[in-house]
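Comments concern the structure below.
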């Protein structure tokens, strides 16, 4: 098979029909395989055990083959495509190791002589393959990475409380309950069950002082919880603010007028944008009005009253840019259809910027000549 | 009955007496019905069972009829009223399905031959009718929708941890505790009870390694919790900021002077407003002072020292707008009564805006002629 | 006793020696009383029961008398003092009811014939008296009040999940476990124990479908938790921002120069302030430098190098205001001692403001004449 | 040994080889000691008990000696070094007490006649020594300190709920369950286990009203949790914003041009900086372009296309400052390598600042003469 085609099929973000079909097959087999693995561990199951083993082996074969194909197609899946040593990089990457471990642990277990119904249990590792497809892991990962200092400090506090309180209970309770508090590991087990507020109830302090310490442990448990939640909440707020800026930047970078002017001008423009939220039904522009700004649509939808029929613009579109170029009045009315978040760039800000970057003016004139009378301005 | 009257009665937001009476009846019957349903499941109850069944059937009849009436009145309840196909839209809407299911499942169960005391248990579905009346669900729903990516990623991480840790415990503990860890579903049950820190205590790992893994599961449990809390906290902050802007927008849009000038001017004004919080007792304006801004009241209360008796203005009111129009000194003193959150619009900002939108000036003059000597300016 | 003296003693915020002594006595008796009440419920106690009863009765007498005294002193405790009908207002206020209930429930129980050791149990109500002295309750109360809409919506969602999931488990499990799932109230008890992730383990679903539903309930439990935490986190952030503005306002309002100019100028100044944080050891002003701004100290400490010995200024102080008045160079050097949060008011901002409020200029000249050569400028 | 060398070795932040080696030894012995202590409490252990006791005694000796050495080296470890009374300050400092308690409690226990294997249990106190090395404790400590008012208020609410609900259950349940609810301390134990949602299941209300109250306690439990999380989340957000300003300040303070001008100019510059985030691959400067600002790198990496080979600059570096000095065009192109967070200082802002601080201009000229043709400008 052509590597290029294979690369497209295996690309987790490609929108081709073949790539979509592969993803459906992949996820379908993942579910099928997991059901088989789980059913096989039951004493009695409504499905024939032979069939379940076959299902598990089929899925095993698929995932083992997928690893080989990804290794083969690695040069086309790398960014940029054709990067040298892409195969070795895939082999050692996190996702490559996940593919290897989840794809080949059952075949290896079978080779090592385990019966198929036992080896199939390793199929739960297929679950790890989800990491390639869940987009939000990257965001969560960045937040955890940014806040690792504070999060690990809370974990250290957790460890200190755990060891001190566990030892205190060991000393206090080992006399009365040698079974459950007779050694430090046993007392630590109690302490972790309590500190996380899980509370199985298999070990419970009985002395008065032991119960007072246990109460403190429970309260510290919810405090540790709350600390983690607090750290992560402020971490998410910061990370999402950053992501929003990059999204704004990307919106601006798509405007032909700005694209050619380089990152500095784009960042400058992104900084000048003012958020403006309009409810559904609000008029955004009126035909013949003087145009004093252009808009980028972050979300929502607007309708441009063009002839012969209106045009709808949604997320990522921009409009009114002719106002920045020609200064002529708006050529069509625009109405907000679905409550829209817009970013507005004022003609005044834009002109001050053009004064600092004279290349902007020549770009404007070329653009104006090309687009005149095309969009509402 | 006239559909218009019926539409008003059934409208969840209408403030007419009839609509209020209907809501009281609705909520009262809901409580009465739920009490009957719950009591009917008890072995012995102080109330006569016959009476309880009758109560449940009465409430059933009411809710079944309500669905029919809402279907009938759908054209008047739709926005905008009289929208075509409103009945079909109601039938298939979320609230329409809730009304259908909660109103007609008991009648259907009775038709299918279930005894009334059994069928009545389905009355708990009436609880779903609350969704129409709890305003905050919309806000929560928007936050969950905005953050769905990150929330689902955490759920995926939850599933991965669940399956891997469950399998590990299954392998480690099935020898010693075949009853509670003898199959993957049983081990997964243990794992979910532990990962959510519920900790029933019906299944507890006994091996050393099993307990170490269980400890990790508990700590990951509180981390998953904290992640969700963190994501939702930053999501709520963003959503409430957005709601506040729309509220400001709505405050400005109610001022006659701005209303007629369209969404763009209103958004512009909303952007120019500066929040100003004053404690109770602080003077806001002094009679005869030159007026340099107008105010919108977000919350709290101010008192205008008018003759013959002072006037109190609260949430949503605005004052001092004559200063923007005539430039004359304040015609009355104003004092803050209850700690007030105000939005101030400076005369300078207002005039710059009027320069860009000359239609504002003519609106001002018309307004000034109409309102002169009416409010403190 | 003079009502004025009594009013001072009972005032929870007064800093007089007598008021402090009263608070110590109040808190000491509260602890003593609670210890007695708790000890009295034990079968065997190291302390004589007779003594415990006497302790409880002593504290009872004190709190009963306190209510009478507060009622007597109400006119002096009201804000403003001497307000008419202050006694009736106290009687019906929240704190008045707390004082009445916690002070007089034991005497009433004794009158009704309960033995003293039984009646003493009502002494736990004394705990409510803490509400007067915990300052943070006001902040928490405001946040809960502001966010009540969203919080109650989550509670409504909680109730819906509770009823639906409880009924599902009732239908599924009542056959196998008639003892613990045999009625709706019993199933609801299980559901609330699970939904709050408490997990006593007294009722546990045994059917497969019952366990799947229980798993969903646990996950929804942590989601409800996380929603509350998220709502409260953004609510606290908003409330604390608001409190900080009021604190800034109060700082500015204490400067003689601004105090006399009224709330509008003060709010204007508070808005113009720019936060500036300096680490310990950083020089803030140098003697002879031109002074271009004045500072308000939010926290931390600075040292003014005055002769013959340096002066330290801490939270709430301000310095450099002569620069705004005379325009002369700084008359002394200033060094940051403990990492300080300052608010700076620029001379340019101040002068623009003075242009709008000409009364500021005359205030400046009077002030300058009075304070010249007193503080570093 | 020279105190200076000893001071360096013991300094927790020093980067010398000897200090690093000491830290490795310290942490290694800490782990070794804790393992020995834990193993000694087991009935049967795979390791010889004699060896374990020896290990524990070795670690004991190390930590006891460490305290002595730190006391000796205190004058060199103090800030600033050589501060008088440094030894007494160390003795009474928090970390000094931790060192004393964790280092000398086992020797004292041995002196008091405890057998070594018993005394070794006190070795868990060594865990406290982590506090010196976990940097994030300072941040967490500051947040807890800033928010102590609100956090303690929640704790007070916790105590009030605890006492009132505990008493209610005591009154309701003591008849039916004298073992678990027969005294107030027993009922309070139940209440704290429930209010923290731990839920051991050792005490469970059985009466109907008792269960309703227990349900309220569980819901209040998650509310208290959520309150703490909310308070801490907004506290962390504020503290991290503050830390970021100090980090910006420190970045600016390292630029030779600003360093000599004192804290006020540095704070002024830090305030003027505008954050700018650029994705990997974006061009930051082009050779020959007019330079209009300088950059500070907060994180990420940029590459300066210098001859003969490019130079990479990372966190903490700054570039383009020649533009502020000479006004000549950029002398080299710069490309972003890893997504970078930059702080930009505009030439316009810088010049306005220089107008207010004329000493900046002379510093500029001296700097320009020294650095000309050294860095891209």
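Brief remarks on what is shown
Order of writing sets the chain letters: A, B, C and D. Residues in each chain are counted from 1.
Just so it is clear, contacts are C-beta pairs under 8 Å (C-beta built on N, C-alpha and C of every residue); 3 or more make two chains touch, one makes a residue touch a chain.
Computed from a predicted structure; not experimentally measured.
Centroid analysis (C-alpha atoms only) places B farthest from chain D. The two copies, chain C and chain D, are related by a rotation of 90°, based on C-alpha atoms and rounded to the nearest 5.
Taken over every residue number at the interface, the positions common to chain B and chain C amount to under half, indicating a different-residue contact. Centroid to centroid, with C-alpha atoms defining each point, chain A and chain B lie 28 Å apart. Taking the mean of the C-alpha atoms as each chain's centre, chain B and chain D sit 39 Å apart. For chain B, the set of residues touching two or more other chains reads 185, 197-201, 225-226, 229-231, 233-234, 237. Those residues of chain A that touch chain D in the complex are listed here as 149-150, 152-154, 156-157, 159-160, 163-164, 166-167, 170-171, 182-185, 188, 194, 197-201, 204, 208, 211, 215, 218-219, 221-223, 225-227, 229-231, 233-234, 237-238, 242, 245-246, 249, 262-264, 267, 271, 356. Contact residues of chain A toward chain C in the complex are 197-201, 226, 229-230, 233.
Of all residues in chain A, those touching chain B in their complex are 34, 37-38, 41-43, 121, 124-125, 127-128, 130-131, 134-137, 139-140, 143, 155, 158, 185, 189, 192-193, 196-202, 224-225, 228-237, 240, 274, 276-279, 282-286, 292, 336.
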